[in-house]
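One structure, as structure tokens, below. Some questions next.
Every chain is named by a letter (A, B, C and D) in the order it is written, and numbering of its residues begins at 1.
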Amino acid sequence: MKNQILLIILLGTLSFTTAAAQDKISSKKQAVLNSVEKHRNSLIQMSDSIWKYAETAMKEYQSAEILANYAEQNGFKVERGVAEIPTAFVASYGSGSPIIGILGEYDALPGLSQQAEPRKAPLEASAAGHGCGHNMFGPGSLGAAIAIKERIETGDLKGTVRFYGTPAEEDLAGKVYMARAGLFDDLDVCLDWHPDYKNKAGTQSSQAVTDYTVSFKGKSAHAAADPWNGRSALDAAEFFTTGINALREHVKPTVRMHYVYSKAGDVPNVIPEEAAVWIWIRDSKRSGVAEVSERMKEIAAGAALMAGVEHKVSLNNGLYEILVNERGAKVLQKNMELVGPITYTDEERAFADTIMESYGLPSQGLHGDIKELEPHKELQGGGSTDVGDVSYIVPEISLLATTAPYNAPWHSWVVVACGGMSIGHKGMIFAAKSLGLTMVDLFENAGLRKEIREEFLRRKGNETWEAMLPAGPPPVPAVTN
Amino acid sequence: MKNQILLIILLGTLSFTTAAAQDKISSKKQAVLNSVEKHRNSLIQMSDSIWKYAETAMKEYQSAEILANYAEQNGFKVERGVAEIPTAFVASYGSGSPIIGILGEYDALPGLSQQAEPRKAPLEASAAGHGCGHNMFGPGSLGAAIAIKERIETGDLKGTVRFYGTPAEEDLAGKVYMARAGLFDDLDVCLDWHPDYKNKAGTQSSQAVTDYTVSFKGKSAHAAADPWNGRSALDAAEFFTTGINALREHVKPTVRMHYVYSKAGDVPNVIPEEAAVWIWIRDSKRSGVAEVSERMKEIAAGAALMAGVEHKVSLNNGLYEILVNERGAKVLQKNMELVGPITYTDEERAFADTIMESYGLPSQGLHGDIKELEPHKELQGGGSTDVGDVSYIVPEISLLATTAPYNAPWHSWVVVACGGMSIGHKGMIFAAKSLGLTMVDLFENAGLRKEIREEFLRRKGNETWEAMLPAGPPPVPAVTN
Amino acid sequence: MKNQILLIILLGTLSFTTAAAQDKISSKKQAVLNSVEKHRNSLIQMSDSIWKYAETAMKEYQSAEILANYAEQNGFKVERGVAEIPTAFVASYGSGSPIIGILGEYDALPGLSQQAEPRKAPLEASAAGHGCGHNMFGPGSLGAAIAIKERIETGDLKGTVRFYGTPAEEDLAGKVYMARAGLFDDLDVCLDWHPDYKNKAGTQSSQAVTDYTVSFKGKSAHAAADPWNGRSALDAAEFFTTGINALREHVKPTVRMHYVYSKAGDVPNVIPEEAAVWIWIRDSKRSGVAEVSERMKEIAAGAALMAGVEHKVSLNNGLYEILVNERGAKVLQKNMELVGPITYTDEERAFADTIMESYGLPSQGLHGDIKELEPHKELQGGGSTDVGDVSYIVPEISLLATTAPYNAPWHSWVVVACGGMSIGHKGMIFAAKSLGLTMVDLFENAGLRKEIREEFLRRKGNETWEAMLPAGPPPVPAVTN
Amino acid sequence: MKNQILLIILLGTLSFTTAAAQDKISSKKQAVLNSVEKHRNSLIQMSDSIWKYAETAMKEYQSAEILANYAEQNGFKVERGVAEIPTAFVASYGSGSPIIGILGEYDALPGLSQQAEPRKAPLEASAAGHGCGHNMFGPGSLGAAIAIKERIETGDLKGTVRFYGTPAEEDLAGKVYMARAGLFDDLDVCLDWHPDYKNKAGTQSSQAVTDYTVSFKGKSAHAAADPWNGRSALDAAEFFTTGINALREHVKPTVRMHYVYSKAGDVPNVIPEEAAVWIWIRDSKRSGVAEVSERMKEIAAGAALMAGVEHKVSLNNGLYEILVNERGAKVLQKNMELVGPITYTDEERAFADTIMESYGLPSQGLHGDIKELEPHKELQGGGSTDVGDVSYIVPEISLLATTAPYNAPWHSWVVVACGGMSIGHKGMIFAAKSLGLTMVDLFENAGLRKEIREEFLRRKGNETWEAMLPAGPPPVPAVTN
């Protein structure tokens, strides 16, 4: 293990030297790269620890603590339990303007436990695993924040750097609670990155989404003896989904609606008194989601009326689409190129080939190169993130960094395995460096910050941000030992 | 034709003689039987004329006129066009109490035109035909009424006899309009009969029914270009029927609901702006129909809400179930036995066998015997009649008389054919005589009338009669030449 | 407690004396009544123990053992674990013909735990309870069997008496597995009783039922990213129920179909790969169930085809309707009258009033009288029992005995409470005596047995019995401590 | 009227002169422009005649004849009744290569009759009208063909020019039958134009579509008496649409599916024996349509199985998407610019304002300018045309020409009115000239033809064209006088 890490360090240094050669690099930026290298081992150790903890949404106690502690050890002032979420925290350093933030996620996905092996092999049966690579997300971002802190400390840069420990991205919309608490309000710019199978500056949006539970309450009766005395809540749920399916004809092609029954009767011989449908509504724009949600509510009301039962539509949470910032992406792209592509060993390449084959997909190799900057296009794909909400409050710059083989299936054990070994580590260090360099520009260049904000305001237009959350505190699960 | 009629007269006389032998028959009843025989040829001629006219609901101009004229010729005072229906009339004779009524129908069914032949052979392609035997219904009842009129004329009986020319039984609920106009209100007892494949005193009820049109109005749009701008009325109609089908679990086993789409879109590339479902709801009791109808209306409202369209529930009409009168049926039974069974010639029997075989059913012969009086039972079968409404206003005594082979398919050309020849004629004469004799008892026996009314009141209970009709005049079709 | 029991004994004796006075009672029958009285306390103690064990289907280890032990102590030869069910047993005494059987159930219902108090008060939260009174069923029947055994022992009667310990009536169809194993094949007649709110000889049938799981298997996909690559098993399940609901129009009024979704998706953003519907189909006749089941299978196949998924219809189990035996019921009625009505104390009557009021229903008192023998009628109500299968193999005589207030809601805590105190005990003793006396007639009277069998054969007609079970052993749950 | 036409001629000449000034125009092209001007009055008279005939699909007898005659009078060889369609014809002139075709449509739309007035005013109530402007389509294209014919005649150009009289575009897929007959097989390039509210070279595709009728056949029964003996075809139709609506989740966003019920029951009291759904399936690609159609067929089969009925899926016809040709569009654009923008009089502008206001839309003026050439993009909009099939056989160049106010509602009386007066006429002449000039380039420039064909082959790829038609002759309606 040790030897391997040494090799990685050497390779990392090599690639950085190569990158530096491509372009003239300022001394401040050089210092940032050096700083990330200095913390490299610690960042990797934190990533591997969080990978093993594999804690799911709002239960990331150990994961949050390891990051918060490291920030404190490095001189940050840490506020824990922000926004009424025990595993959310904010680590700050410096004072005054500008204030540049960076996000760090660390929640795992249920059921994806896996060893750092190129074959399906759970660490612990039915346990959670980092199938979205969030174990690297937190440490990588913290690495960049610390590098900047060190520049502020030396007086190279002026202002405030803030690391946000943002739990519960996969479920429960952690950042939206943090946003509702106003934690992002005073930022000039915010950065984030995400594990991926390519290195790329983010210029594409995500889908806005709302997550509802539609509940129906009828009247039970013996289904064989006197079904006419019952009012079936399950009938209402079925009418509701019938309505949703017909509605599909009457929504724009960018809309997605999907549901499951979360309650659908206990035993056949009782007319179901209760039933519930769990439904998500997505669109490329929050306004589109809002419009379709109104129709959904009418469908719920109509379904209840048809079945002669009561109903209730409960908002679980909602996420905004990402407001892309092309100006920011351009700066990021330049800095990614300064860092230079990731290089891999033969062992890593073999690991990538083996794991893809073992999953049943053709291996397309590891893409360590830096993809070209792509113009923003109308959203085609699907997927949502609570980064969208942050991007509606403050200009957001997003990076994708390679931590898995090209076209690896996301939310799978493949991503877990690669995130627990050197392929993942390298992507994380690449991210830390690229974001660190980008922050140098943001701190130094007020004109750049202005251009970024202007684009932000233009894209936001008249849309205002409002947390799509139910009233009351976040749904923090009770701790069970 | 003439010879045949002669034969029938002889046979008729014969059967009557046989019947008279079974029981002592009073001189007044004997006079009634004689009277029917006297009018026999005229009754048959009227039946055959109406059979040829084959006029459908509310268009029975010639059929009504031939009956009204014959009543007038026989000294009845005729009021035509009652209840705002041109083809409805009331023919009265006598004065004072008791007032005994008898109903006569004469509307045909669309598309059943047929010759009096034992093989499918339309008189006129796609024309109407008397597939329910109503051509015999009017003349048969009028025959009984005239026989009674002659007894009142002689002073044998005292009171008033009334023949009701009741159009539009098959469709449009003619008697309900007549009932709404109060035409049955002052009757002591009312009688009716219906062609059938057996001779039987009626002790079983019919289904109450309501007939609705549920219309939806949405917003059209190009189904390929911008379906999201449309609101589909057809979606709403489909939701509505989905709701009705699920409701089937939550209604009593006596309920029947059935529908068709009367409007369901014009061309696929236009989101349908209009749609309509035509639905009938039945139960063994009107109260059951009313209860289910309320649920149906909620389903219509819910379906409209689900589709985002407007809706309207229009009552076309509704019929009550028959309030059976077992006391009345018992009197009728006795008088049927006085009249005695119908006898058939070999030719008639052969005709019956041939026609059933030609239709594709096993022949079960002609049942001229008088079936035993059956106790009233909870309704099992299905079918509705506007006689039900009359039976809620005045005690009703109902007779079934054989005019077709046993188990003949009703509303078919088989019934048309038999109703246009001697098999039908015999049943009609049997009905005229049985009802005439029964009326003698009703006129003479105040105690009997009291018992009949007591049963009527007991069965009616707290239920009140109210016409289930839309506001406004009856839906008399415009006359087209 | 003791005093109370003493009072009950005295009252019991009193009622028996009164009954005896109504009719001449044979010495053998008198001996049977005495025998039940002798075992009264033990029977009650067993009933109360089973009531406390409250063990659910196929887990009735203690309940079965207490009964099996008592049978053994009383000289029966006991075979435990019959039909591969650990809690099923057969206890026999005597030899040769006739062989008369009697059934004893002892399984409880989940979630109905309740103290013997007239107010809702669980013994143990969410535990099971005897909401169907089966705690009394086993001991009551065993009491009758022991009384007969004592007559065989003395030589008063000749032949074999058999007590069947029949587990899992509420769920899992215990008797059908026992029937499949041939355990009832050599019986001449079989008897059973069931707790109720009236004393009545059974002349009405139950519903035949089949219990199926319909499973669908599709292909999962990301519901936002590429739903077109998914095939939704949930769509298929919804199509299936749509088909079932429409089918309701096309089945006879005696049919009942009811379902719940046992699997209906996990999270909205994944197209559900698996879904399942749990459905029961009932009719007044097994042949009706079979016919509708065929349509159900076509609907399942059609739904799968529509959704582009695979499907599987798995039979869980099925029950026959009860073949009524009116001849047997007549004998039973006579013997119930010999035993005489149950009398209640003021305290018991107050308990009954209080408990009904507490449940929210009007009290209609305790009906200790013996209801008149009712003729067999076509089934109106709903409900099924695995006694139906036994009744297809051997003539079955069934008794209902009062163990709860009139019109008490069955499968509720009201029934649990009354079954755990003197109201229940009295009903059980009444049942033991009535069945014991009836068995005396069955043993003694070969002609009676012949008449009973003739009716059995007539009602059975051409229908043959075949266990409606999946292949393989009974679904005995794994023991968890 | 005459004066007005004179004015138009002057204005037309004026605009052409202006256009000529913009660019150097070859003498051959100048001759083509002159030729169109020479035939101007005749072309307008033909357009107005066809506008008045307003004949619908496959019934365009007079419309086809007026065009065929004019072609013959101008020296074309005309073959009438091609592809077994009486109103289809091909008019040819010249010989040898290249062979350049041009399409002319002339069918009207039902129910859109309208005068050439800016307010809704039918020429004849419920009659057809040219709501898609096809009255101008045929004469405009013929004008271009004649201008080329005159150049071949003089020896300026070499090869063959062919005018295709293509009936039944709005319905019944006329060109697909002509394509199936091989009539387009030997063309080098084909041209067409379409009335619009802007002048634009076509670079966007249309939707591929298939048009099916899905029929179900069950078994009728009396819906109240014995619905269990019926098998409802309407149930099946409803299952089918339920399946289609659920399928919407599982098709790509480019897919459109829309349906109406073409048969949905006659009267409620009969279980419907027959039902039918008329459904169109569209996608941006024919392969997408084919894929979804397979799922649709499975849904039809599944629905039939669910309802226990028979089914049949009948293809009515299908259309391919347009294979865009950007090289061809570029040439067309250049020639449109040579012709120059359309200019309007104050009266015409006032007419446009009035008619839009009268329809209830804001007036956006008449756009006589030539829109910029747009790059080909993935299809967003909706709509299909049988030009798509031609474009799969031969490279197709398409023009849109302004004949109505900007954003006028298509398939409305607004388009009818404008197509019957000078606004429409000007667009038609613009089209004739632009297409004529483009054909000059196509005849002269073999290299251009090669480039156009290379793009055609590249876009077509491995897809082969096959007529999506039922077997047998075209559905020519019987002639009724």
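Here is the rule we go by: a residue touches a chain if its C-beta (ideal position, glycine included) is under 8 Å from a C-beta of that chain, and two chains touch if they have at least 3 such contacts.
Since the structure is predicted, the reported quantities are computational estimates derived from the model, not experimental observations.
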| item | value |
| --- | --- |
| Same-residue or different-residue interface between chain A and chain B, half as cut-off | same |
| Most remote chain, CA-based centroid, reference being chain B | A |
| Winner on C-beta contact pairs when C-D is weighed against B-C | C-D |
| Distance from chain C to chain A - Cα centre to Cα centre, in angstrom | 56 |
| Distance from the mean Cα position of chain D to that of chain C, given in whole angstrom | 73 |
| Centre-to-centre distance between chain C and chain B (centres being mean Cα positions), rounded to whole Å | 49 |
| Sequence positions of chain C contacting 2 or more other chains | 223, 227, 238, 242, 246, 249, 258, 271 |
| Chain contact graph, described as a line, ring, star, complete graph or other shape | complete |
| Partner chain A, residues of chain B touching it in the complex | 223, 227-228, 230-232, 235, 238-239, 242-243, 246, 249-252, 271, 295, 298-299, 301-308 |
| Residue ranges of chain D in contact with chain A within the complex | 242, 245-246, 248-249, 253-254, 257-258 |
| Complex interface listing, chain A residues touching chain C | 207, 209, 211, 222-227, 234, 238, 241-242, 256, 258-262, 264-269, 271-272, 278-280, 282, 381-384 |
